Each structure stands twice: as C-alpha cells, then as structure tokens.
Amino acid sequence: MHTHGGDDFVQLLTPEGERLDHPDYPLDVTGDEVRALYRDLVMMRRFDLEATALQRHGELGLFTPIVGQEAAQIGAGRAMRPGDFAYTSYREHGIAWCRGIEPLTLMGLFRGVTNGGWNPYEHNMAIYSIVIGDHVPHAVGYAMGIQRDGTDDVALAFFGDGATSQGDVHEAFVFAAAFHSPVLFFLQNNHFAISVPVETQSRHQLVKRADGYGIPGIRVDGNDVLASLAVTRAALQRIREGGGPMLIEAVTYRMGSHTTSDDPTRYRPHDALEHWATRDPLERVLRLMEREGWADGDFIAGLDAEANAMGATLRDGTRALTPPDPLTMFDHVYAEPHQQVTDDRAFLARYLQAAPSGDLT
Amino acid sequence: MVAALNAALRASLDRDSKVLLMGEDIATLGGVFRVTDGLAKDFGEQRVIDAPLAESTIIGAAVGLAMRGYRPVCEIQFDGFVFPAFDQIVTQVAKLRVRTDGQVAMPIVIRLPFGGGIGAVEHHSESPEAYFVHTPGLRVMAPATPADAFVMLQQAIASDDPVIFLEPKRRYWDRGEVDLNVDIAHATLMGRARVTRSGSDVTIACYGPMLRTCLEAAEVAAEEGRSLEVVDLRSLSPIDFPTLVASVERTSRLVVVHEAQGMASVGAEIAAVIAERCFWSMEAPVIRVAGFHTPYPPNRLEQHYLPDVERILDAVDRSMAY
Amino acid sequence: MHTHGGDDFVQLLTPEGERLDHPDYPLDVTGDEVRALYRDLVMMRRFDLEATALQRHGELGLFTPIVGQEAAQIGAGRAMRPGDFAYTSYREHGIAWCRGIEPLTLMGLFRGVTNGGWNPYEHNMAIYSIVIGDHVPHAVGYAMGIQRDGTDDVALAFFGDGATSQGDVHEAFVFAAAFHSPVLFFLQNNHFAISVPVETQSRHQLVKRADGYGIPGIRVDGNDVLASLAVTRAALQRIREGGGPMLIEAVTYRMGSHTTSDDPTRYRPHDALEHWATRDPLERVLRLMEREGWADGDFIAGLDAEANAMGATLRDGTRALTPPDPLTMFDHVYAEPHQQVTDDRAFLARYLQAAPSGDLT
Amino acid sequence: MVAALNAALRASLDRDSKVLLMGEDIATLGGVFRVTDGLAKDFGEQRVIDAPLAESTIIGAAVGLAMRGYRPVCEIQFDGFVFPAFDQIVTQVAKLRVRTDGQVAMPIVIRLPFGGGIGAVEHHSESPEAYFVHTPGLRVMAPATPADAFVMLQQAIASDDPVIFLEPKRRYWDRGEVDLNVDIAHATLMGRARVTRSGSDVTIACYGPMLRTCLEAAEVAAEEGRSLEVVDLRSLSPIDFPTLVASVERTSRLVVVHEAQGMASVGAEIAAVIAERCFWSMEAPVIRVAGFHTPYPPNRLEQHYLPDVERILDAVDRSMAY
C-alpha cells in the first residue's frame, strides 16, 4: 500500500539538493542559516551513533535512535521561540537539542539514573513521555493556560504515527478544537510503531485526521529540514495570531531500530532502507551547500571536530553518571510529608545502614 | 454538604486566581449535583470550564494547566466514570512530581462523588478509593460531614499534591453546621483522622458515607450497653495510623467499615497494619465490614450490599465474642 | 454558532410532509410501509410518555426520554436485518423496539431490578451501555468476529454527539478502518450531552470526523424516518458487500430532558423547542399519509387503542417488577466458583436468615 | 518460560478454533518478548492480530469478539501500558457477565508481562495486580515457573471467566522442565496455591517473580538452621486461603512477599485474612515485604526497591523475634 508514500507534501529542498519554491511556505535562508541547520543535523546524527555505541558497550540500558528523523525535528525545533513549550515522546532528541538540553542530560533516563533529567521550566520542554499518547493532552492543557495568561506562546506536542491511534491523542484534538487553543500537533510519521507499519494505524493519510476536527493540517517532507522549518514557522505564526490548533504530519522514516533492543530485520521490507537512503536528510543539505558554495573543507572539518568533542563529552559524561543515593527515591513522591513514605524511607535507611552494600540479591 | 462544597470552591476561586474548575456540565448547569452552581456566572467561563465529554483529557489537560502554573479542580461526574481517566491519573498525575525529580508540581484536585445508597443506575454507586490509595503519589481524602467538606476541599486545593477528593454522594443533602469563617490553616490538619465519638469497648474505623451509619450504630449499641468509639479517618492516603492505633490500644478491638468491596481494599490495609502494630493488645482480630465481591448490584438490592447498622453491630458482636 | 444547524443533510420527507427525491438514496415506500413506520413512531412516543409518568409516580428511579429522536432510531432500526447486531447507549428505546424487545423489558434497568434485562443473543442487541463510548469498540470487535465467520452481517454502534469526544470512539474508528470491518457507526446528534451543547464537542460538523479515517460519512435528517431508513439501508448494504465501516450522523434534537432527573430549563435556549417542534418526526409522516390518503380515522383510532394497551401493560408490568432475591447478586459474577464470592454469599445468606427483613438502615 | 508460554498459546490455538491472539507487535514481530513467535506464520493473520496502538480498544474489541463467540487472548506489551485499557477491563470485561444476568460470557485472557528487575525504563517494571484483585469479576493468575506458565495459561484460556494473566518478565528466561503432554484438565487446579517447599518455622507466601527469590531465601535460611515453608499462591483472585491457612496453622508465622507497593495490596489482603482466620494460632503478626510507596524508581535503584533475599530474611527475623 502506498497511500503513505505519496509525495504530496511540502518540499523546499529535493533529495538532490535543489531548492524548490512553495507559494504558501516561502523561505529565504542565508548560507549561515543553512550551515547552522546542517550543524544541528550532523550533531544529532553523531549523537545517535555515540549513544547507540554507549548502549552496545553496556553503558545504557536502552537507547531510542533518531537516525533518519533529524530534519523533521531540527526544522520544527528551530522554528520554536523560547517561550513556546514542547511535549515530546522518547525519540525527540533533536527537539531537546534545539531547546538547549545537553545531549549528556538525555543519557540519565537511558542509563537508569533518573526518570527525567532536566528542569522542564529551564528549557520549556517537558521530560520525555514514554506511555504513548499521554503527553498530547498535556500540551493542550498547557495551551489552555497560555490562553488564560494572554500571551502568544504556543504549546507543541510531538508524537508518532503509532500514537495517532490512541484515544488520548484524539481527545487532545477535540479539546484543542473546542477551545481554539494555541497548540501545534507535530506528528512524525516514521512509518513504524515498533514493528507495526503505519498502514495498520490508518489506511488514509494521517494528516487527514485533522480535517475531522476542523483543524488545518499540513503534510511536509520530514526529511527536508527547510520544509520542516518553514512549515512549522508558518504554523506557529498562524497559531500565535489566534488561528487555533494545527497539525503537521512530517513524513519521514525510522532508519534505525525502534530501540537498541529491537531487531528490525524481522519486519522491515528489505529494500526500504535503500529507498529511504536516497532521501537522507543530511545529504541533501550538503548538496545544497556545495551547490551554493556555502560549505568549504574548513567548515566540514570544524563540524567534525565539534562532533568528536561532543562524542567524547558524551562518553565520559555518561560513564560518570552514577545512581543517586537510594533514599532519594522517596524525596519527591509528595510535596508534603506522607506517613507511608516516611515509614518506608526510614525502613530502607535502617536497612541500608545494616547492610551497606544494599545489593545482596 | 453540597452548599459547603460550593462555598469551599468559591472561597478557593476567590483566594487564588490560579484556581480553575473543569468538568462536564459544571458551568452552565452547575453540575449534576449543583456543587458548582453559580460559579461560572461569578467567575466566568475561563475559570469554570465545561469540558468536552472525555475524562482522560479532562485530567490530561489539567496536567498541562498545572504545568503552566494553574491549580485545576476537576469534577468527574460519577465514580464509575473515573476509569477512562485512570491512565492519566496513575501514570501522570501521581508520578510527574517524582519523574521530574520534584521540579514539576501537580496541584490537581479530582472531585469524585462516590458511593451508593441513592438508588442510581449502574456505574453511579461505586467506591473506587482502593485503586487510588494503592497508587503512590496521590493523596486520597473523603469528608463525612458538611463542615469537613468545607475545610478539607480547601485544604486539598491549597495542597501542592494531587488529591483524589471523594464526596459521599448519599450525604450530599446532609445538613450541618459549617463555620464559614474557619481558618483553614488552623483547622484539623489534612491527613488527620478524628475520634468522632469516644467509647471503650470497640473502635469503629470508617470514612465518608459510612460515618453517619457508624454513629447510628454506636447509638443503638449504647442503648444495649456497649460503648463504641467511632474514628472518622477523613484521609485514606495517608491513613492516620497514630490516631487509630491510640484508639485501638484503648479498646483492644477494631471493626473497619466501608462500602467498597473487600479484597485488597482500604479495610484490608487497616486490618493488616493494626494487626501488626497492636499485636499484643488485640483481644479479637480486626473485623471487616465491606461491600461484597460483586459489581455493585441493581439498586433495588443495594440495601443488602451496603453495610448498615445491623451489619456493623453484627461485626461488633463478633469482635466482642472473642 | 450554526454549523450544526445547517440543513445540508439527506432529507426524503419535509416537515410539511412532502416527499423529496435523492439521487443516492431513492426510496419507494408503500402506504403499508409508511403506516408501519408511523405505528413505530407513535408507539415510541407513547412509551416515552408512559415511562416518564411512571418515573414521576415513583415507579422508576430514572428514565431517559427519547422524544424527538424517534425517527432517527426507527429508521435505523427498521433498516437492520435480524442477523445484524446492535450496541447502544441508554436512550435507544427505538432500536430496542425494532429488535423485538418488549417496552416493559426496558423498565428493569430503570426500576433498578436488573442491570440488563434481556438476553442479547435473543434479540441481537447488547444491553444498554451507560459509560459513554465504551460500547463502540465492542461493536468493532463483534464486526471483526463477523469477518472471521464469513457472514454478511453488520454490527451497529449507536452513540450520541457527546460520545464523539471519547477516546474509545476514536479508537473504534481506527480499528474499524484498519481492519475494514463491517460496522456501521450511527451517531445521533441530538445537540446536547446533558447540558453541554454539541459545539463544545466540535465546532465542525461531526460527520466530518469520518473523513479523517477514510470512512465514508453521511449526514441525514434525523427527524425524517424515511431518510433515516433509506440512508441506513444503503449503508448496511454497502457494508455487507465488503465496503468497510461507515458513519451516519443523524441530526435531531432532544426535545425532553436528558433524564428525568435533569432540568433543561437551566441550559436550553428558550426558543429551541419551538423551532424543533416544527420539525417533529411524527407530524410530517402524518401529513404525508393525509396527503396520500394512507391514514383514515380507523387507522389512527386503532393505533391509539394499541398505544393505550401498551401503556396499560407497561404500567401494570412495571409495578409488578419486583427485586430479585438478594442472593442472586452473587450468581453471575463468575462462570466458575470463586471463593470470595462463595464466602460473601454464605455470609449474606446467614445474615438474611437471621434478620429476614434485611432492610434495617 | 517464554517457550512454555508460546507452547501454551500454540496448544490453545490448535485445540479451539475460536481462540485468537491480539496485541501490539505480536504477529510479524512475534512480540517484544517473542512469546508469540511463529504463531502468526502458522495460524495466520486472522487469528494472530497485530492491532493498532490503542490498548483500550484492544480490550474493547476483545469484548465484542467474545460476544461473537471468540476467545481472545490479548497481550498488553508492558505492565505500565495496561492503564489506558483500565476502563474497558474494570467496567466491561469484569462486569458484563453479571450485567447480563449471566447470558454473556467473557472468556478473555489479558496477558501482562509484569514486575521489575530487568533494568528497564519507567513504566516497564510495575506490578499492578492489586488493581485487578480488588475488582470483582476478574480472575488474576501469576505463574512462577515455566511448567506452571504452560499449564496455567491454557487453563486461563479455557476458562469462561476473564483472566488477568501476569507473566513475571524477569523470569521469562528461566528454564525448567515442562511436560508438554500434561493433561490440563488434571493438572493442579486453577485457583490453587502450591506448597513449593515445606518447612516448619515460618510460612512465606509469594507469587510470580518472587517465588525464586523466596526459595533462595529459604535455602539461605536453611543453612542458618531455619525452616521456611514457601507457598506459591499462583492465583491472586481468588486467593487459595485454605492452603495458606493450613500452612500457617502449622508454622504460626507468615511473611508475605511481593514487588508491588504495599498500601491496599495483595499482601494487605492476605495479612488481614490470615490475622483473622489464624487469630488463635499466630505467634507473630503477619509481616509484609513489599515495594515501597513510591512510583517505581529509576532502574539503577531498583535493587533497593525490590524485595530481595536479605529483606525476606530480615522479615523472617522480625517474625521469629515475637
């Protein structure tokens, strides 16, 4: 079935690195801007490689690769303003990057030393959400708060093709439409929910879901960072001006495994990777830069060095992430004291004192 | 009690502009029980919100509002309709504080009319408190009187923790003195039980709708020469065991009463803890009086399902027989 | 807002009793057929009156009036075949009627002597479902069963405008579309979910929801029994032939209260009843019959007598519905013995024996 | 254990053409734990169904399939993802039989990998059994060994009641003798506990993932001269109290062990019942070993959260100290 493969989406940069014009989504970019975007893409790809390697070396319990989806995320992330607020699932490392969250910070969850890792208010980005769909209503609630505050910020909800089947995502659409709330739904259709192809979630283009709520929907080439940027910017602008919620479907492909525990050879059509490799999100930007003379050897070498440095920081930093004191698990269950927690904490404290290793299984 | 709850909401809306109400039929209609009557008119649609018919996102949106600094008070219309929101409550509301290492607060109150005895159709008479008590991260409160409803709801709204606030719907029409000028900060502390009636033979622990029934049982027992001490738990998570233990140490006997079915219930928790903490002083095992292990029956049978004065006295007899 | 009031729906019989043609939904009906439909409508309206009165007299704890929605339900109900299976909410007395469930049987739930009342397999209709939305996935599951059985039956899910906001209803759409299951979603938009107007559920016509899943949707005048019949018939036929799921939105109005406990004066626009009274579902059929000479005084008098008889049976029968033996509450909790139930039952049995009145509160 | 479960599913699919499997990633992938590996290939897409990503309707559709005469076996991928389906489970699956006065059966099995100890990220290590045990209309089972997994899953599928089937995921890779020719009808009855190890000093009640840990504790205790009797509950609803009471009557002491947090838990239920039924013979109160009243911690701390041999032995010590 090819309903989802159709190229009826906004594209501003072809896989061959040619710029296209689009009447609704004009984008003027300078060489500097494109270089900055390319840097983001490269850093994300490297991050992915490094984190995957760290998992292979036993330093992480799990990792969720981003490879293939860098452009969708960087485009969207760079379109956001600081005051906007992002709710994401567990694969939006590119959004985190754009929100100023250090790659190393993301390792805490995957290494099992925290369930969060950063202060959401510092970056205006919620911690990763693992239960599929749950965070999408949160974005709508946050947007309802924005409405009451009277600012022109926007809440963004990032989720996958699989998530579109969840009741909570539908209800979030319903609330956003009913209250005309400033929320942007950003759907990355990477063609899979673990092993299940997007066709099992819908035989129909997912962007069409928006129609049913009277929410405008835009389908964009998720492997084109310029298109993702332009479309997200336009959507955010429209929402800021009171236009109400919107949905963007970024059509992309998960080139890696679902997580490092997954074995995609069991389900991925064997020629799919080849096909999608020709649409690589980094490659086309490089071609554009070459074509325009925006990238010289120094730039590329500089990037490489920066990526190397990031990799080193990541490796060393991850190894240095040690589990917190066991008693911290009781610290933030409640804001105010709760007797059961107090008792359980006292029990564990006594117990740890008696058997300091604490690890006797 | 409806008026007391309404006054508590009004006071909270007045006190803190971040307080919002959200639910089905709460604005224009004023709630199916009229608990929010008049509030939309006085505080406007932005603060008293008629939501689309979707419990999961009523709670899910409340999470986002809380993250934006608001203090949402959500109404779930009836006990049986809380389950579509169960995931948001258990996975998000209860856990977000700890998941963010304390950086995100969840000052959300979920008002839930609960319990039976009003002749309602199915799904309108359930007692789901054990599900929430079992869930770390939630506080669970159940007032039994109008005065407590007034105080406790305000305390719940003022708390930075999420609170499942169980309103005993068969007591909605109860009247009682409510001191509207009570200083919330100095009222009985949140989380504390109260010895509502002192006695010496058997302690009765109960909450919400069962308090009145237990007090009636104590009256009847007194006529028969038996002295029951009635403890109103008020809070179900945490449970105020110090107060309860002190009482049981005096009486050496405990009967726990609730409407909810018994398996893995609040009554089980209390029985387990008291059996341990009062091991040396108990003269009888803790006797539990609870709903049966059946879905709530058609309402013409509910009188047989719900604990009543007779069943409580029967439990007292069984306790005394040891 | 008038998005929902627009008359862009299929209508075959005007409020004035004029027949209209529709290219997609031709309907040939004989006088006998129209008379039969009119009889259904009259019986339903009478049933509603009688049941409401029974509630007012304290014989029922609650009743959910159908008045205003008779045509939507009778049209749909009469389009069904015996092998089709209906899942409904608590207001589909007209569907129950068409499925051969005696009006008296419906009283058990409202009188509080049972939570069901009939054997679903005898009538191919599930018991009423009160938790909004819950039963809609059931219909899809049933339809998945039909697919596996290889028959051409159809499962129908009846639900209201309020229900469209529930996550379960969305998920049901997703599954039905994904599996191309033979299920007809029949939405009665009666403009209210208790006090909440349909605009709070959606600013957009509800039938449009279907588009998002690639499910064909049809909007029909829900006060026109001929249109409801024709559209439902056509949809069922298409589904039987393997066309996959469909959605019908029947636009109607709840002329009564939500339930007998409700006070619609608190929220219903004061001129709404007048407006909708001009579109009454019974009146227009009567006009058509008069126009065509299909209804004489005898027919009307006969109907009246039949309705009176039904009313009498209902009144007497309802009063005679007594609660079952308390011990029956344990009978069907499990198919096989469960110790806790056995113990609880033994307790109550002993207890009832000791205090036979059993009613001491 | 994975192989035993796979064999049980295969046998059930073979035996009864009405048996269907449904879940996320169970067909092409064979499940994230490979429990359904190869079944889609052998039984086809109509019987082994990859569902859209929506737990509520996986269960909701199973209800409809059951009404059409099928016997759906649903997989929920991980414990923490059962909550979106909670409403369908509690309101429909558990209640439909009684709501229809017994006319509609709900032969649905919900397979739920549960518990911690595998170093997973959040929501992948929870123990939600108490929620289901508290719910009338459900049966709850938890095998602890491959042999039991093989028998019990087939019994669950053959039962006309809905069964929450908890698979202890940290024991998935355990190996053990499985008699594939066992006659299911004559195997240990569904709902029965088993005394896995006899002893005389203290009874240990446990289930699922904790059985192995408790047996290890019993080994260590034996070396120290203490004789522990280990009871594998196997079924959590109903709980086989006759077997447990008989054991406690012998030992006069009971320790209950589970991973789930303690408030209103299965352990509370057992403690409450045993304290009552064995009132005269208990020489110590029932001691509970459970998870703490916190959401499941980050996995690098799980060793401190989960009951281990030491904590079990500590509880035994406390029991013996009375």
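Note that the chains take the letters A, B, C and D in the order they are written out, and that residue 1 is the start of every chain.
By definition in this document, a residue touches a chain if its C-beta (ideal position, glycine included) is under 8 Å from a C-beta of that chain, and two chains touch if they have at least 3 such contacts.
None of the values given here were measured: they were computed from a predicted structure.
Relative to chain D, the most remote chain by averaged C-alpha coordinates is C. Computed centre separation for the pair chain C/chain D is 40 angstrom, with centres defined by C-alpha atoms.
Between the Cα centres of chain B and chain C there is a gap of 36 Å. A separation of 30 Å divides the Cα centre of chain B from that of chain D.
For chain D, the set of residues touching two or more other chains reads 51-52, 54, 56-57, 80, 83-84, 87, 91, 98-99, 122-123, 136-137, 237, 262-263, 292-295. Of all residues in chain C, those that touch two or more other chains are 114-115, 131, 165-168, 171, 174, 178, 200-201, 329, 333, 338, 340-341. The touch graph of these protein chains is complete, with an edge between every pair of chains. Of all residues in chain C, those touching chain A in their complex are 164-171, 174, 177-178, 180, 199-204, 208-214. Note for the complex: chain B touches chain A at residues 20, 46, 51-52, 54, 56-57, 59-70, 72, 87-88, 91-92, 97-105, 136-137, 139, 159-161, 190-191, 237-241. Residue ranges on chain C touching chain B, taken from their complex, read 61-62, 90, 108-115, 130-133, 162-163, 165-168, 193-196, 200-201, 261-262, 266-267, 323-324, 326, 328-330, 333, 338, 340-341, 344-345, 347-348, 351-352, 355, 358-361. Looking at the complex, you find that chain D touches chain A at residues 24-25, 28-30, 32, 50-54, 56-57, 80-81, 83-84, 119-123, 213, 262-263, 292-295, 297-301, 303-306, 308-311, 314.
On chain D, the positions that touch chain B within their shared complex are 80, 83-84, 86-87, 90-91, 94-95, 98-99, 122-123, 130-131, 133-134, 136-137, 237, 261-269, 271-272, 275-276, 279, 284-288, 292-295, 322.
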